[in-house]
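Since the structure comes first, as structure tokens, the remarks are kept for the end.
We call the chains A, B and C, going by the order they appear; numbering starts again at 1 in every chain.
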Amino acid sequence: MTPSEHNPDEQTEDTSSPQSFSLAEAERIAEALVFASAEPVSEDFLAERLPLGVDIPAVMESLSSFYASRGVNLIRSADRWAFRTAADLSFVIRKDDNDVRKLSRAALEVLAIIAYHQPVTRAEIEDIRGVQTSRGTLDVLMEAGWVRFRGRRRTPGRPVTLGTTPDFLDHFGLEELRDLPGLDELKGAGLLSGRIPPNFQVPLPGMGDELQDDEDPITQMDLEELGLLTPGGEEEE
Amino acid sequence: MAMNIAPGAIPMDKLWQEGPERAADEPALMIDVGGFEGPLDLLLHLARSQKVDLARISVLALAEQYLLFVDSARRVRLELAADYLVMAAWLAFLKSKLLIPQQAKGDDGPSGEEMAAALAFRLKRLEAMREAATRIINRNRLGRDVFARGAPEHIPHRVRSVYDASLYDLLSAYANLRQRQAVTQVTIERRKVWSLSDARELLTRMLGEVTDWTALQRYLLEYLPPADRVTATASAFAASLELVREGKIEIRQEGAFQPIYLRNGQQGLPARETVVDTF
Amino acid sequence: MTPSEHNPDEQTEDTSSPQSFSLAEAERIAEALVFASAEPVSEDFLAERLPLGVDIPAVMESLSSFYASRGVNLIRSADRWAFRTAADLSFVIRKDDNDVRKLSRAALEVLAIIAYHQPVTRAEIEDIRGVQTSRGTLDVLMEAGWVRFRGRRRTPGRPVTLGTTPDFLDHFGLEELRDLPGLDELKGAGLLSGRIPPNFQVPLPGMGDELQDDEDPITQMDLEELGLLTPGGEEEE
């Protein structure tokens, strides 16, 4: 016994003429489309499925304020829409088998730096943290779908730049990057303004005692060749 | 003395009190270096123990604390990663600059005060990022505090393409494949050496904009474990020759076995001969 | 501006006394629980999570009639509750049923090789992968619109060379081929791990569309030979 009555007259034929298409009907369709999906849905996606001329932002705003007080809210994140349970109800819904990714402290720090400083290169991340990013830390963030390669910096070496994804915003309940907590204060304090003035120099990481894969260690032979050790020379204390 | 702070009241204090009565097997250091994410993290930790606003920390005191820490680590033969030693050398250099009264202005790069300010800035920035990270992670998270539709009916797809794959999928497929195909090599155990490029990077970074003659190696070697000194000296020397050839640094030695002084090459001019055009 | 206001007073402390617990609040919780659940939800399940004394059937009936006219309906089936898209809207939801297919690992590998090593011949792909590429794999990539024939190599047999399309760049969010991460970035992201042979290289993909010196353009004849055009057929762009 399905309560959903099938109203044949709602399936209007002349969807091409916008005025004949009621706002309520557009809301029903948009609601159904977003509700059906676990992933946020872009306005483009909705536009493809709604009749031409429907003011999608208006429809979504109206729906969103309608749901604001309910147990399920319509949320916008990175210009995509999704239904999410209301945050204040987490205490009832919270599941025991909560599959939220545990992040290491390093990964969390790198994530924050990428979020606030994007587009940011790996070298800049290391400059901020003062330590090399261990292999796999970025991998964890990329696998989670929160961090992506954005492009390359147009500087010598063309280093790859990193940034966050729309899924990052969705996961942390942010509508857009400007909603990052404390962004304005950090900016105001000059803490996001890229680089330290060039005449400031503090040793950077990168001196990890592990050899890079593209270098070979200096051998005894090399040192002898360079005249830095006499052949068979003893080590000095 | 009534004001005497009980030993251990400030946890960090334990670090600096190497009581002679300490049992030989007792770990002398209460700080686990492994618990720190590099020298900057350690510095931040030390700075916090000064219990003042980061903007008002005494960088000199901080440098001294750090050097003391490195010293005590060396005394108990705790192996410190090169990162920590490089920072120690740099801080020793900074300390000497801070202690020497400022010379004639403007002709020899950043003053000790400017360098100290840069360090304070970096500490502040790192701390700010830490706080930001905490604020992000404490937001309502999807799947923990806020939930998506449990039984989605339809997954919308991107416009146009029927197939989906992310750049990450693509890159990891490629990396896996290439790695699988790469000939497995016999790995020979690494000798503990400072490679030429280690040394090169180190020199470049430490020298920075320092334009006056400095016996930088002296600072560095002091903080290296004896076993590393030969290799570090050799590599640093070879690297400095390379840098001189490229015009990146200048080098001076008074005589055989005298300290080697280094300074930034060409006073900021690019290494290669630059034709100056008039525009 | 997140629509989910956190109303602290909604999180009433005395959930034990049913009369203080509003019907609206019970509805919010029930709604969120049914929404977030992967399975239809039994009334027992709801009863466990709602304060004692809440009349669950009444709550559900009220919710169900509320949703009856909307794009999403709350339906009961075999004593369990679930949200379903309104039946009359299935035409929007199912508009195009071609679900997005995930690329197979083989296809991803071939695509990646083409991206990095282009222009590349089929034989070279097989050389890199160490296995034969099944016909279907390339077809899939062509169908997706990410791979195209570029030309012919001026070597014996004049093998066809493959490359990526502008759609490929578009889909993967790359501005140009040179934005593909190089060896260092792959390593840095933890995608390449362990000891890597010193001669290991990741090619820097070329600038794209222009034919290389050892490539000839593909002709009408070639397309016919490749079975992509019926003899005398028109060229499709």
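Keep in mind that, in the parts below, a residue touches a chain if its C-beta (ideal position, glycine included) is under 8 Å from a C-beta of that chain, and two chains touch if they have at least 3 such contacts.
Here the structure is a predicted model, which is why all the values come from computation and not from measurement.
K.L.:
Taking each chain's centre as the mean of its Cα atoms, which chain lies farthest from chain C?
P.N.:
With centres defined by C-alpha atoms, farthest from chain C sits B.
K.L.:
Which chain has its Cα centroid closest to the overall Cα centroid?
P.N.:
A
K.L.:
What's the distance between the Cα centroids of chain B and chain C, rounded to whole Å?
P.N.:
40
K.L.:
If you average the Cα atoms of chain A and of chain B to get two centres, how far apart are those centres in Å?
P.N.:
Distance between chain centres: 28 Å.
K.L.:
For chain A and chain C, what's the span in angstrom between their mean Cα positions?
P.N.:
Between these chains, centre-to-centre, one finds 16 Å.
K.L.:
Mark out which residues of chain A touch at least two other chains, giving numbers and ranges.
P.N.:
33, 35-36, 83-87, 93, 142, 148-149, 173, 216
K.L.:
Counting only residues that touch at least two other chains, what does the list for chain B look like?
P.N.:
Residues 140, 146-149, 153-155, 166-167, 171.
K.L.:
Where on chain B is chain A touching in the complex?
P.N.:
The touching residues are 37-41, 43, 81-83, 86-87, 89-90, 109-110, 114-115, 117-119, 121-122, 124-126, 128-133, 135-137, 139-149, 152-156, 159, 166-168, 171, 190-198, 201-202, 205-206, 208-210, 226, 229-231, 233-235, 237-238.
K.L.:
For a test of understanding, state which residues of chain C touch chain B in their complex under the given definition.
P.N.:
Those in contact with chain B are residues 4, 32, 35-40, 82-85, 93-94, 98-103, 105, 107-109, 111-113, 115-116, 128-130, 140, 143-146, 167, 171-174, 181, 186, 189, 191-197, 200, 202.
K.L.:
List the residues on chain B that touch chain C in their complex, please.
P.N.:
Against chain C, chain B makes touches at 140, 146-151, 153-155, 157-158, 160-167, 169-179, 181-183, 185, 187.
K.L.:
Which residues of chain A touch chain C in their complex?
P.N.:
Listed in rising order, the residues of chain A that touch chain C are 1-8, 10-11, 27-33, 35-36, 49, 64-65, 67-76, 83-89, 91-93, 122, 133, 135-140, 142, 148-152, 158-160, 173, 175, 179, 213-214, 216.
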